[in-house]
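Next come the structures, one after another.
Shared between the two complexes below is chain A, which pairs with chain B and chain C, respectively.
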Partner chain A sequence: MKRRLIIALATAAILVAGLGIAWSRADKTIRQNARIRVLDVVHGAGLRLPERDREHMQDRSGLEDISNVSCRDCHGATTNSLPWAQPRPRHASPSGLAVSARGDRLFAAAPDTDEVIEVETSTLKVLRRAALPGRPTSVVLHEPSGSLLVVCRDQDRVARLDLGTLTEKESVFVGLGPVGLAIASQGAIETTRVVVANTLSDDISLLALQPLREVRRLPAGREPYGVATSADGTAAYVANRLAVMPGIDRAPASELTAIDLVTGRISARHRLDSAHLSEAVATLPTRGWILTPMVRVRNLVPITQVARGWVMSAGLALVTPDHSSVIQVPTDEANRYFADPSDLVIDPVRERAYLVSGGGDAVSVIDLQRLHLWLQSASESTLRTAIHQLEVSGDYVLARIPTGRNPRRATLSPDGTRLFVSEYLDNAILAIDTTTLKPQGRIVLGAAGLDDPIRRGERMFTWAGKTFQGQFSCRSCHPDGHVDGLNYDFDGDGVGDNLLDNRSLQGVASTWPFKWNGKNPSLEIQCGPRFAKVLMRTDPFEGQALKDLTVYIQSLPPARTRHAQERALSPAQERGRALFYATETPSRIPIPTERRCTTCHRPPLFTNRAKTAVGTRGLNDTTDHFDTPHLLGIAASAPYLHDGRAKSLEELWTLYQTNDLHGVSSYMSKQQLNDLVEFLKTL
Partner chain B sequence: MKTTSHPNRFSRHTANLAAVVALGLVPSAPSADPETLPFPVITRFENFRMEQGMPSHKIHSVLKASDGRLWVGTWEGLLVRDSKGFHPITTADGLSHKMILGLAEDPTTGDIWVGTMRGLNRVSGGKVKAYLQTDSGLPNNVVYGVDVVGDHVWVATAAGTGDLNTRTGVWQIYDHNNAVMHEPWCYSIKGAGSVVYIGVWGGGIVEHDPSRGTFKEYRDPDADFHYDLVPDDGPVNDITSWLTWDDGVLWQCTYFGFSRFDGRRWRTWVESKSPLPSNFTQFVWSHRKVAWIGTDKGLSTTDGETWVNYSVSDKGTGLMEIHRPSQPVEKHTTDTALAHGFVLGVWVDDQEAWIATSDGLSHGLLSAAPGRRMAAHPTLPNTPKTSTDSHPNNITAP
Partner chain C sequence: MMSLLQRVGTGHRRPPNPVARTLTTGLALVSVAVVAIGVFAGCRPNPSPAPRNALVVVQTPQASRGGPIPTTVLDLRYPDGSRLLYVPAITNPDRSILLSRGLVAAGAPVLSPDGQSVAFVGKASASNPWQIYLTSLAGGEPRPLTSFPQGAMDPAWIGSTRVLFTTPIPRLTSGVATSGSDVPALHSLALTGGPPVRLTFGLAPAGDGTVLPDGRILFVSTVPSSASTATPAGGQSLFTINNDGTEISAYGLQHDGPAAIRRPRHLSDGRVVFLAAGPGTTVLDGRIEQILSSRPFRSRSVVFPQMTESFRSAECDQEGCLLVTLRSTTSETYAVYRLGPGATTSGTPWLDDPGWNEVEAIPADTPPRTAGRLSTIDPDKNTGVLLCLDARLTDRHPLPAHDPAPSTLRITAHLPGSAPQILGETPLAADGSFLVEVPADIPLGFDLLDPAKQVVRRCPPSVWTRPGENRACIGCHEPHSTAPDNLRPLAVKKGPVRFQSSIVRLTQRPTNP
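After this line comes the complex of A and B, so read on.
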């Protein structure tokens, strides 16, 4: 009996203990679930929170009404903790190249490792590496002065290095985000000009060489990128990467800017219809041609036409010798594309062009004599539509030479016998024998970095091999992970409806959900099945490749703008800041919470990650509610609103503000609006 | 051709008769000796009306650029004349509005900035980029005056003065809220060395020093709307319809007279007490300390002492009056005349004059340089030429 009692008590004790443990575990789970629920608080849910949490959220948000406040706005969303703010591995990826006049030396800019690298071309061995801060991107030689000129993209400057020592001798500030660089000599050093394309400030710097100084700043198109000069040094040509904003339902057009270097002024702006992403330009003096690679984009055609090759294709734009017209010819094939043309090099003696395809991992060799014959034989109507007839490229494309991953820039040896191609994402330079059109060897600058998920992701991002027939890569619409400035007709919500502005991927980490309709909760869904269904028309990115791709995208910092890099706010920006954070008008009239800037565009990411109706529904839209975009780097991502109807920040309020739904702004004077815009540009 | 004479001048200028006839003038007496004037005179007019390709009767503004091309702002768009003739630039080319109000050249880039009734435009490399109050920081779409000073484009608009930094894209607005400005309606603007002069409708002249952020107002001390009660005491009137500055001298147009400020003292002129042909002065161009004034009664030229007035007779012939200090007026008829007596804009250098009128564009050929026998005026110290009134050849090498 006693034994049974002991057993019963022990059993009871075990049961109690078990219950206690179970209760404890259950309590923890409940508390964890509660915590998760708190962290998941979105619109309206905050009203049902315990008093302590309500007070906390009101205190931290500064808002009495926390119906639009999410815990995520603060927790896990400080910019310092975001992936793009973290250190990341660096890779010796070659960008711009230059060969010495004797052909014995090759110089490469390595932007990721802040280096300039000298290579012996006979042995394909690296001779020297020189540190140069500021993301050196392009190089050009001026051997009469013993100089190597280098564009430092992130420091907005051009540095002059002594060729003998590879040390920096002087430097000059230019516009924002310089990339393209070329030199033009009319003989005397005094009249020699260095031409720099400043991508982020949309202008062109003309530099004198001795001493190195800026003598003129000229307005370009949008994102000037590639530069070439005429053989006699009297002219320069600048390829502009983005189209000038055409308006919501008009075909885009970009610009090839011509400069008279004698007067230092713009001599012409050649219009490239329905074309953009021109990243290089070259001349053929013997025929008076100016050539620029381009992407013919058909953004207003529904994306359903991907399978028919009707979204984008690569080609060349040719400015005729009399400069009266621009002819576009294709460089793709009817069922094989060579996406993202990134450089163009011309051999004037053989009349050949080498066109680098950054997304197709190839160099296309184009016989310019054959192209000339084809142009002569073509009728006017044929010339007008040639860019759409991909099969004609077979008449002048001689060969396609495979390269490593993401070739970006190329240069030709002075005798034209060797072509060097920077394989950016392989950290190597490919040497090609232009007689046999076969690779001769490879200069390896460093390990490929395949242990780095960001690097692996960038390889996915820039690779067109994953899309149908290799038509485009992620980069085709998001150069540098940013925007192409166009709006597209996606078919997921009906053909012809809902033109959508292309949104930047820079600074996008932690700004879920994605898409203007806010339907994609994560980048994995956005870049995986969603991207495959709407765009790729092939198998989606999956598994590790998809993870790497999203890691890379989240590593992209917000766009660098002129305003954001200035440390202290100007008086106008300070006034604009006060307007942005205002809870009442200057007349002391309270601004309703839901119509304050900070309610939806809440720091630090300046988004509440929710859909909001701000009165911007267009005639063809099927909803009033659109995802609230983050505002980091917003100065650089025009146009604005979900369909790109606002071509400037001002237009958000001057033309497209409806009854103060998009923030109360009707009380603002023009001065106050200017102040607000100036502040927004600092984000 | 009808002439009138003044006997007092006869004996003095007989020797110059042949030269005067050669200049296209048919004098009433041989007294009209342009070579004794302190500034050139227009010896012949060549006119361009709608029959000669102008798109409208009214020509609002004219500018000869440093590359030699002529820019003409009209009621119906912009024209540019090169060696092949006039070429129109219209709203179809991207111009924000057909009615052109003001022109200025960026002496560095050669870009032409165009003020219109709806927006500011930059013509660069043959392409037009528009700036509107709705898509940029432009204070107001009605852009009367425009000038380029260094990297800054200044505009006088119906709602304040705007300053666009072309390197940064940042706009500043100055109006009655943040500047010494009686009202925001600005008609004219001109860079003057380190300062900018703003012509304010009803507010006189505002001098702004951008580097210091200071504003100084010049108002009519009489504060009388219709009469210049005390001459030479300040601006003749607060209604500034236009102003310009060159070589240390500021000139002010009003609808009630004309003024000059040399940095130390003011001079004022009204039609009842001076050779000024009309109190209604609406445009002034300055070149080598000589003002070329557009009025509703023709073109008037003065260095402050001597005056030469050009008008059109009822019969369409040209009339030229020469007013020398303390001398009787000399009147002449000329073979050719201004296209119209209502003058809206002027551009002049040492060789030629271009005059925008209410009925066509006039090209005036100038007499030979008069040896620079100019009246001496004190000038502002160290005020370099930086704006579009500067000689066009003053472009630094690219």
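After this line comes the complex of A and C, so read on.
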């Protein structure tokens, strides 16, 4: 009897607990959905409003069709309620790695949880976790001074931690969004330099070590990302992630920046034709090579297919020893691709390179000796087109080692026998035996976070397995959810017609409709079957995976820019603000409603979610009307306009304004235009 | 020794045990209840996976039964009396199940993606044409999927809802497979019904279709000769299309000289194996060759170079071995073998049924998943668009020094059994590119002309576009496995040149009542 009672009570307790959990989850979902709906609560309701209100909305929005206009666009709207402004779960995802000189300790940066983690390599056990705010992203050891240097990406600083206590001793501010980090030692500590790639401010910081201070800031290419230094400490090399398009019909190029650390000046800017997404760089001193992983993009070719690397393929760019030329060689295969190369580690003794594929979940092992032989045997014309010859990689790629989800960074033990790979979206570090090329074990830093829809969505976003032959991921065109700065010719609306600039996904929540033609009313439609048909060319994202993907995209905040950092507006920005909100010119001539900046770019999202003709139709466009983009973080999303023809915000009005259709600007002086641009950069 | 089915049929039966019978009945009732609850709750019971080491085997009788004279290639492969067996456990073949019940001959089995059903070719009577059948591994009456007067062959699965096959079946003339104006072409058919959909439109027969992990269909065909479209330029080779017939592309073997090939199969380690024999033969047996999917044009080799036996089939075994059927050089009979990498001898048969030849065998494990693809065909259109980035670019037969350079392209339409029809000419853009809108589903030939309208180079009619398809190539006879350079072709700035034609498309659907 007693036992039955206990069983009954236990069952009841389990039921009650289960109901409680279910209710709390449902309640959370309801609350989350309610938050998301704040802005669109009257979305489309304008159609059912009394005539007077309809006229009011039409007048204020400048639109005949107000189906996408919400009362809250003007009244009480706030970005605080958007998904990207909400707190989200954090995960112990490893990014940058460093191994001690003795090979007994491994240090990992965990940006999402603001931690630095120390691991014992013999047991693969976590020894210590140290809190370090600011999104620690990369780490590098300087054992002579007992220091661990850590880049804090979101606080724009480099911190020096004491290796003994793993506590922060000092910190120095660098450029915006630092990521890459390397130390160059010429022997004396006074001449030792720390090189930092500042991704968001497009520059490079050179730091002295004792005390930690910035000694020089150098201009880089677009989004400098990976850093390496020469063995003698006299030179540094910086890989820049994005390419720059010189015009809509001309091939883009990125650069590999070389720095003379003795003089502290740029020594060379190596041009990488049609290459981008270079996130790492490494040197092979024995041959004098500088190598950077890259994606060879083919954005000028109409996307009639994706097979045979028609849109992009991965490879290595190799700067020759005399620095006179750059040779690009493929690392993909004829029918299989290893997308999003995220790191490159070189073993100079075995002459091997380990190339990490963040989208392909693999490490490619490259025999550099064989690569050298292949380069020697190839003719000049073969070398010029080598990157397009997808079967060539079989001559020098030794193996492909599978990893967990989204490997990002790697490091070799000093003796070269072990490779550690950070499996970012599995919250683990994989240890690989470089002799057998087999996994040895895994350091688990935390649960994979698969109960978090944002994390699940990020796994989809960064995974190339959803595209034909694993050619690319969503991230390949939207690194960090942002732009790649290129335009593309999708063939769905005609070959050669309607070139489209790649739009940022950052801050995109609640800015429907999507696509430049405004055809997609929701992200589910944007990322579902239509996307699969046009680009992925395989099974579409569906069901929970599609839902997770859109939740992740909506969690991306607008790009952080230098101008948005500064709280108070400068006088120039204030003047620009007045121009942006102006309803009449300084000479009291009224600006028609439909040509005011704020009519279409209405705060707080700076879009009216409608298609508008602003006189930007190009020769190959089939329409005058384009979706009004939001302006949050616009300073970082060049180029501009639907086809990316404007390389800067200034060009919108200096080169591509037609009869004041894109806002009335003809009355503006050069100074006023500059002011307006300065204000836009603060959004 | 008795054959597999004889053993099943003549096995001793134990007297019924009333306790066991009650237990069985009870269990059956419980199972029914569980299934009913599952169905009621909106879910289906999970199909039990086939046990490991289970096979589906094609057996042909060792003793000739003196049937009718073979009229098709299938009559040669599967003479009357051929049958299909499911062997659930190779260690206990007594429990084999006959899958081709009621048919006079059967062969070419392929397992469905869920591992529960088998599609195969069968013949209901000696005079009936071969058709595609479907049956469950659990046994039961096979269900015909097709009923083409000229038959259907080479089934494969496109996902779990469509079956791929070739129709019509080539006829045998003097022992060699031939086809007239009705060229064997790949088709697909939905299991839920609807008309079959034609997928290939070439002048040469297309067959032996199989689906690659990336979702493309790999098949065997021939490049027509440039000079005469009636004769092939070389041997058979491998091509791919998407599951809607778009993006016809060379996959491998195009430049390897005359040869006949059959049964390409993609292995989980990235190899594609196939049977190869001399040119002009109707391949029954051959050697097993392979190419690597990572470098298909640079990796052809013989898989077991030291073995002299004749192979009839080779399939992927999930344990890294090849599951093959071969004819023993000593007994002259066929049996099933498992061969590891680098095997030099066949060793002991894995399955050898006395009185029967095991001519084909496939693992009954659930096949690896293949990717799908959303069709880009626009059924409202009857044209496609073709973009060439540089018609003067080729990896073969470099253009002779020509001054001035070729400047015009002539496009011809080719239908089996009729003379080529000139669709029109278009000037090449300065970068050698052209963009044309052409009739869909028709093999197209291309002539590069100099200013005097003399043909400088001829591209054989081996490509087509599907309705609404945008198809692109790098050059005329483009280099294989090569990605394009990053250039905006000048031809796209003007829009496509439209070629009108009164040619009837080849999409007329064969009857499948």
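Keep this in mind: the second predicted complex is superposed on the first by the 608 of 683 C-alpha atoms of A that agree within 3 Å, B and C clash if a C-alpha of one lies under 4 Å from a C-alpha of the other, contacts with A are read in each partner's own complex, and residues count from 1 in each chain.
Simple rule for what comes next: contacts are C-beta pairs under 8 Å (C-beta built on N, C-alpha and C of every residue); 3 or more make two chains touch, one makes a residue touch a chain.
Model, not experiment: these values are computed from the prediction.
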item	value
Clash or fit (per the criteria above) of chain B with chain C on chain A	fit
In the superposition, chain B vs chain C on chain A residues touched	C
Partner chain in contact with A:257 - chain B first, chain C second, else both or neither	first
Partner chain in contact with A:298 - chain B first, chain C second, else both or neither	second
Touched partner set for A:650, first chain B, second chain C, both or neither	first
First, second, both or neither for A:206, with chain B first and chain C second	first
Partner chain in contact with A:4 - chain B first, chain C second, else both or neither	neither
Touching partner for A:309 - first (chain B), second (chain C), both, neither	second
Chain B versus chain C as contact partner of A:333, first or second or both or neither	second
Superposition-derived minimum Cα distance between chain C and chain B (Å)	19
Footprint overlap on chain A, where chain B in one structure and chain C in the other make contact	none
Residues of chain A defined as touching chain B within the complex	175, 193, 201, 203, 206, 215-219, 255, 257-258, 261-269, 562, 570, 572, 647-648, 650-651, 654-655, 669-671, 674, 677-678
Residue ranges of chain A in contact with chain C within the complex	249, 251, 273-274, 296-302, 304-305, 307-310, 313, 333-336, 385, 387-391, 393-394, 468-469, 489, 491, 494-497, 529, 532-533, 537-540, 619-620
Contact set on chain B toward chain A in their complex	67, 108-111, 122, 124-127, 129, 133-137, 139-140, 151, 159-160, 166-173, 175, 177-178, 396-398
Touching residues (chain side chain C, partner chain A) in the complex	214-215, 247, 249, 270, 292-299, 371-374, 376, 385, 387, 389, 435, 470-472, 481-489, 491-493, 495-496
